[in-house]
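Should a chain be cited, it is by its letter among A, B, C, D and E, assigned in written order, with residues numbered from 1 in that chain.
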Amino acid sequence: MIRFILLRLLRWLPGVLLLLLIVYALMFYGGGDPIQIMFSREATDLFQPGNPRYEALKDKMGLNRPFLVQFGDYVWKAAQGDLGLSLADGRPVMESISAAFPITLSIALAATAIIALVGIPLGVIAALNQNHWPDNLILGGALFFWGIPTFVIAPLLMVLLCLQFPILPVPHGWTGVFTVNAIIPLTVAAIRPMAIVIRQARSAVLDVLSEDYIRTARAKGLPEWVTITKHALRPVLTPVVTQMGVVMTNLLAGSLLLEIVFGIPGIGRLIRDGILNNDYSLLLGCVLVVLTMVTLTNLLVDISYPLLDPRLKQAQRGDV
Amino acid sequence: MTSTSQPLIRAVNLVKYFPVRLGAYGEKKAIVHAVDNVSFEIQAGETLGLVGESGCGKSTTGFTFLQLHRPTSGKCYFKDIDLTALSENELRPFRRKIQIIFQDPYSTLNPRMTIGAALAEPILAHKLATKETVTERVVTLLKDVGLSEKALNRYPHEFSGGQRQRICIARALACEPEFIVCDEPISALDVSIQAQIINLMQDLQEKYNLTYLFIAHDLSVVKHICNRVGVMYLGRMAEMGTKEQIFAEPKHPYTRALLSAVPVPNPHIEKTRKRQVLAGDVPSAIEPPSGCHFHPRCPIAVDRCKTEAPEWRQMDDGRWVACHKA
Amino acid sequence: MAPASTIKKLTDDGVTADEKAIGIWRDSFDRLLKNKMAVLSIAVVVILFFFAIFGPYLTPYDFLKQDLSIRGQPPSADHWLGTDNLGRDVLSRVIYGARTATLVSLLVVVLSSLIGVVVGSISGYFGGKVDFFLMWFTDLNMAFPNLVLGVVLAVSLRPPLSRWMEQMYLSTLNPVFRQSSLLDLALVIVVIVLVAWCPYARLLRSQVMAVRNYNYVLAARALGLPTFTIVTKYIIPNAIGPVIVQMSAGMGSAMLTESALSFLGIGIQPPIPSWGNMINEGLRQWTSAPHLLMAPALVLGLMTVAFSFLGDGLNDALNPRQWKG
Amino acid sequence: MRRISSVLTVLLIAVFVLSACGSPAAVPAENPPTNAPAATEAQPGQPAAPAAAEKILTIISPTVNKDLSPLRGGGTAVRFLSLWWAPTIQADRTGNFTPAVFASWSSSPDFKVWTFKIDPKAVFSDGSPITADDVKGTWELSTQPLTKHQRVSLFLSGIVGYDEAVAGNATTLPGIVVKDASTLEITLKAPDPVLFKRIATNLIGPVKISQARGADGQEVADWWHADNKPAVSGPYMPVLMDINTGYSEYVPNPYWWGPKPKLDRIKIVAVEDGATAALMMQKGQADINFSNDLPTTFDQFGPEYVGTNESPDFVIQVFWINGSVPPMDDINCRTALVMAVNSDEMFKASHPHGPGVAGTTLLKPILGDKETNQPPMNNPDDARAAFAQCKYKDAMPKIYVAGTSNPQAELAAQILVEQWRQVLGIQETEFVPAMDKLSVADQGKVQVFRDDVGTRFADAPTMLKNSVHSGSGNAQSKMGNYNNPDVDRLIDEALMLDPTDPNRNLKALEAEKLVMTDYVYIPWVAEGPMMHHMPWVLNFAKNYDWQIIDPWNLDLDLTKRPQ
Amino acid sequence: MGEILLDVKDLKTRFRSRGSLVHAVNGVSFHVNRGETLGVVGESGCGKSVTMLSLLRLLPPAAQVESGRALFEGQDLLKMNFGQIQKVRGGKIGLIFQDPMTSFNPVLTIGDQVGESLIYHRRASKEVALKRTVELLRLVGIPDPEQRIKDYPHQFSGGMRQRAMIAMALACEPGLIIADEPTTALDVTIQAQIVELVKDLRDRLGVAIIWITHDLSLVAGLADRIMVMYAGTIVEEATVEELFDDPRHPYTLGLLSALPAFQAEKNVRRLASIPGSPPIYANRPLLAHFSCAVLSPWNVASQNYPHYSRSPLEKMPAIARPVL
């Protein structure tokens, strides 16, 4: 198991470095001038190239060194947990990320929990009523919400629930998962991936229901609910957990739109800030964190397979 | 016809191991001993049957001989040419001489190709006919296997299992082979169809002087079609001899057990005869038992069998056996 | 299940009397036409394509024409979907947006599936180190959140490309290099393709892995057919089914990604309309002029759903697992 | 099923744990009780008022400001600087200057040496008096490059020693001499008759220098953070800051030496989305927007919401033309492009409810209608005629329009390019929302920049000096090193003259006329600061620095606010 | 012996597929006596499995019993409500399926599955069920059953799994066990083991068995009576000796003569074969086209190319022998 985890991480490490290098290069060559970035546009004239103040600062920040030296320096420091200072606000990137990351993670986890608690049962209900009205209703609903982009559904929900039927305060910022403020963002975060999970759970249940062992269970004369809960739902878990892993990584990484629309100070918004300000030290830090999280999530999903499916414990696979 | 001293096909100490990883997280490396030191030779025009239970490596032997899997060690001679020494490109001209018929006719034909195209493909690839003459050749092939030329423009899913197996045979014949590996060609078919295919294969053998390596788990079929029979157990050859030798007086305890297990379509015999039922299951090919692989199930095993693998030796009557007590 | 038409053919005289062979693709298509939702989706998609191609010639207004005297009008007989806050006709813009969306999603799907098919089939057929490396790269690409990658690429690639186009124009005076909307389109497409090819590659790889071990591929190898023939004639046609399904779903998600990028202001730049930037503009005045948001959002939603249904229909039609009893 | 439930349990526990550490310490607007204890601790001598009667003002900040240091001189954070930092000299809404930290000031006759006296009542929120050393230290600190003060040159560039300090070569300004604890003497490089106006701002208001400056002469990190209990000089003081969410809270400063503040608490909430902000305002969850304006918000709340001071508009928004880049290096082309545009249309589209007026000339907002030059004429025919002369008319390089970073600017720019399209048939335009989105290599290529230009007090030569003088950053960076020697000469001469001398304005007008015939800008709008406050906010006004004027006067009419 | 346990009359089952109907079982009548072993032989797609699934109403949704009667211990299985049929399934009739790999739930332990029916049919506690499971596993010859009940199905070998399957069918001591090709997926030595085990159990427990297979020789030593099915109908039914000694129906004869072993003694060069292919209803996904073509096998059996028509068999009536 440890070997497995180590191998996995080894597989990812060069990749993460490569991606970092790409992003670094893109921002370094394609992005704007970091010094000018550091000052908002209101007084850029002081920080034009050639201006002594500009040059003094550039020298002080080590921005005159060659590209690879700067990148190597960055990686070396990152390995020691120092992600450098943000170009835009001069604060340690680590500090911003450690403040933002738990928020994104808690949104992702909470939304995943919602999706699991609501989406899976709905998918199962749909499967059990295949081609009857509950199935059509659930699938139709899922498809409907799937068709609406996050950035449309968010303000619509807001206007609906805060203004038209004023039952909730206008959400802004982030006050924690278990606050009124979080209801709308979490709903929005959950609603589109839930559509996928519902469909996935439904087709997984349908697949399982056509398996021989369900017929065996029925041939044993088990009550139908036992057949469903004991025999049908457990095997469904594997594909659904895979899907949840995908949902989770998407939520971790793809909260960009959500966080922008609701002004949630998470990683997504940091990324946005990084891009808007060409703040590549911030952006790189975020990329690093997101990649790490995605890697870890994938790892967790991989590790969980054998726990969910005992067959895999004795798995035998080709040596590649 | 080649002389008996010069076999068409010769496999010498053929070994095929598959490395695998075991366990939920692939933490353990292991090796599947699929084919372990198997040797045989087949004369031109002869049919060698290869029998054994599933997982004993009989199909792998066939695939490995055809270089569809590259052997771990050992040599495969086709008319004195060592196939194992050839690269994939050098092998290509020989491919047409050595062909294969698979077990499951449903997965053996490309569902997106018409029968005509599927049959024409190898002929054109080996330049055995031009584009103009290829149709004629394909029609002849179809006739050979008892299908009409109407089949030309049809797709595989429009045919029944038996017809598909006919098409597969036609395809194997398309590039005029000398040697065909028949990998359980009838076991996926219904009983009534099996007989048709067996007859067809026999007819074709006569017509084109084909050499067969006939792999099967059904002993009665092997008995019917083969000249010589090899019995495999867990990657190794247990016994090989003429049909009469094997079926009339098996020397290896496994052969005996195998023969005894086959049901006889005669209620009078079947209800009274004493069967020798082997205990236990076939062990895993990943960690095969020490010594003689068969010893844990062998009714006549002695201590020596546990430690020492029996030698593959020729008996006085010409048959080969791997048993200390034979 | 067998379509009725084939039953008739077969039962006429017990054999398939008419000599026209029924290919498996054709068969799948027949099955697709049996699916009501899929047919409806096809109709919607066809209408979309129609408007994407001919739309701009059918609308009475120039999608760029500003007329401040009629800014922010609700739908009326003259302007069916009203006007935006610069007095442009929303209907004309939505229709032109269809062109943007169609162009982007079609090219994205075609390009990314091409890349995916090439990578996936190489990876799946050859296996081993090639596979390891390609899948490592694909996984990596997939792990990178697509919107983030898209944003980073869009932000960093645009300036040098735009510079290059300008140089090309000034040296060749070819008006093609003048179209910054072309650059936007190309960039959006590249950005989406760069992340969108991964699922295709993965899908095709697993399919190829499965198909590679099918006996007909082994048979083809045993027949000594060239590798290229085996891959192109035996493996890919049989592995491509799920890719086609994915392509349909991919059309919808490409449209969504395009609009998300445009929404973030890094996709199609105004004044060229895209549903994304129209939604972005419309969102700001949602309460006062809902039609500005609803028009593009509804069309976008409809298209996404249609492609999704089409994908489901294709899945049913192409997936042999569903043919059973 | 066991496994399902255990997985879900783990997931839920993880959510709980994370929400505990993930939710920021601050809890915005709608539930004050949660952080009331923390807040009351932080305000000595100020008994907590009963919750019901508490007047809590909520201000929306359009960005998350991670840096609230008063020494930055830019960004949206400075918009509420006057809440907690007193200005050196107060500029009121009518453009008059009244004492603040500096009680009085005088200059030598040649305007080269100035003396400022600090109000003896002026104290920091820890009770310590504001001294001349604090002012000197603050100003020196502001000039350091690492302090990154964005506007320091506007205020202090004339002082002897400024150039060394600003390049990072010196940490002190020899031009500032502390005469005694409450007296400063400032020596200038060149005469400046209006220095006291120039420094009348909150942006260089004195900070407690022992807190702000470290031993190395540089700014102490985060000294301004509420957790570090900064000694502030304004009517309110911060008690809580969450820089990651952009949330901060302020309560009255017990040592404030001016009139008693009327509010019990001020909250600043970062809301980046304009629609959300508008929704919050509508529901009474926020009172002032500082400000992410949506044109539609104005439609919704009306001109009263937009509001403005009656102060003279010193700021005009302009599309500057970079004359060094093709096609703008051809005057015919510039003429055509300028003449093709109707500024009125641009203004109407972007500011349907005001405030302000369509932009005309640079000096009209300062000098008024009587003495002014004629603005460039909008005349399509002349534009076309000029365009016909343009050498680029057949191979028009693409025109980049930079700085369309807010919705109004974008609207105006869209009208602009549409008029070019309609009149001249120019298709090749591209918007660059923020200038720094361009890489260094591209920045020289941009032909049109949207930016504001202004003067912080009604002075015509200063306005021109800041915008079109060849030494100004504006002329260098946005106008492609625009250099008209005659203009420079006239401006330099005007600046030396006494403010009461009528020639000061006449020379400026003469310079402006020259600039206009060079066709280097397209005016868009002349605007005063927009208010963006709901009707229940009382006594709210801003000056040209976007500072709240008389912040202690800010008040709320709770009866009007929706609950 | 002699008492009729199951009596099926004129059973018709049809498959519905987009507008067309396929009669997979077309008027089948047979009976099983108490303690008797009935062999059901036929090629794939002849309807032998569907017949048995119809009895327990375990058909896939697309299939439907059209008419018929199936009296089991005096009650009509086809008319029972859901609760009643559930009591019969597993309780009074045990089922053994062909593929023991897919017929066990891969994520539940053997112990969880084998004795499960006891909990619902006999209201046994979990402990009792587990204890009984151990007994059952020992009965079917699984070594060390106390440990093996904690194993998952994939940890069993094929033969073991089929043994466990038999144990599962025996759990509630049913009067009848329907074994649907239980040894087809097994190797010949394992098949011999299973056959011996079933014989042994049958003799010890006196349970009636319906053994479905395509292999005539397999049931030769096992069954008391044999019923040959072809295309949804019974073509011949006889005691095992009668059938092998004196096959009446050409199809039976054809089946027998197609067995290489049957002719082994005669040492013929060519095998006798039944020309053509048996009609098939959708049992292979890719054969969907053919499925519907063959609505009633006897009149459209010649769905192949003419020279492979099944002419010798056409129009042959089903020969029913008197029930012994």
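Throughout what follows, a residue touches a chain if its C-beta (ideal position, glycine included) is under 8 Å from a C-beta of that chain, and two chains touch if they have at least 3 such contacts.
Keep in mind it's a predicted model, so treat the numbers as computed, not measured.
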(message) Along the graph of touching chains, what's the shortest path length in steps from chain D to chain E?
(response) 2
(request) Would you indicate which pair of chains has the most C-beta pairs in contact? (result) A-D
(request) Can you figure out the chain closest to the middle, judged by Cα centres? (result) A
(request) Using mean C-alpha positions as chain centres, tell me how far chain C is from chain D in Å, no decimals. (result) 46
(message) Using Cα averages as centroids, what's the distance between chain B and chain E in whole Å?
(response) 31
(message) So the centre of each chain is just the mean of its C-alpha atoms; given that, what is the distance between chain B and chain C in Å?
(response) 48
(request) Take the average of all CA coordinates in chain A, do the same for chain E, and state the distance between these two points in whole angstrom. (result) 52
(request) Send over the residues of chain E in touch with two or more other chains. (result) 60, 286, 288-290, 304-305
(request) Scan chain A for residues touching two or more other chains and write them down. (result) 29-31, 155, 159, 163, 210, 230, 234, 237, 260, 278, 308, 313-314
(request) Would you mind listing the residues of chain D that make contact with two or more other chains? (result) 275, 437-439
(message) List the residues on chain A that touch chain D in their complex, please.
(response) 29-33, 36-46, 48-49, 52-53, 56-57, 60, 86, 89-91, 96, 99-100, 102-103, 105-106, 109-110, 112-113, 116-117, 155, 158-159, 162-163, 166, 169-181, 229-230, 233-234, 237, 241, 260-263, 265, 269, 273, 276-278, 307-308
(message) Per the contact definition, I'd like the list of chain D residues that touch chain C in the complex.
(response) 274-275, 278, 294-296, 299-300, 345, 348-349, 395, 397-398, 407, 410-411, 414-415, 417-418, 421, 427-431, 433, 437-439, 441-442, 445
(request) Flag every residue of chain B that touches chain E in the complex, lowest number first. (result) 53-54, 106, 111, 146-148, 150-151, 156-158, 160-163, 190-196, 198-199, 202, 217-221, 223-225, 257-258, 260-268, 270-271, 273, 275, 277-279, 281-282
(request) Using the touch rule from the top, collect the residues of chain D that touch chain A in their complex. (result) 1, 3-4, 7-8, 11-12, 14-16, 18-24, 27-30, 64, 66-67, 73-75, 145-146, 148, 150-151, 153, 163, 166-169, 243-247, 269-273, 275-276, 279-280, 282-283, 285, 403, 405, 434-440, 443, 451, 472-474, 476-477
(message) Which stretch or stretches of chain A touch chain E in the complex?
(response) 210-213, 215-223, 226, 230-231, 234-235, 237, 308-311, 313-314
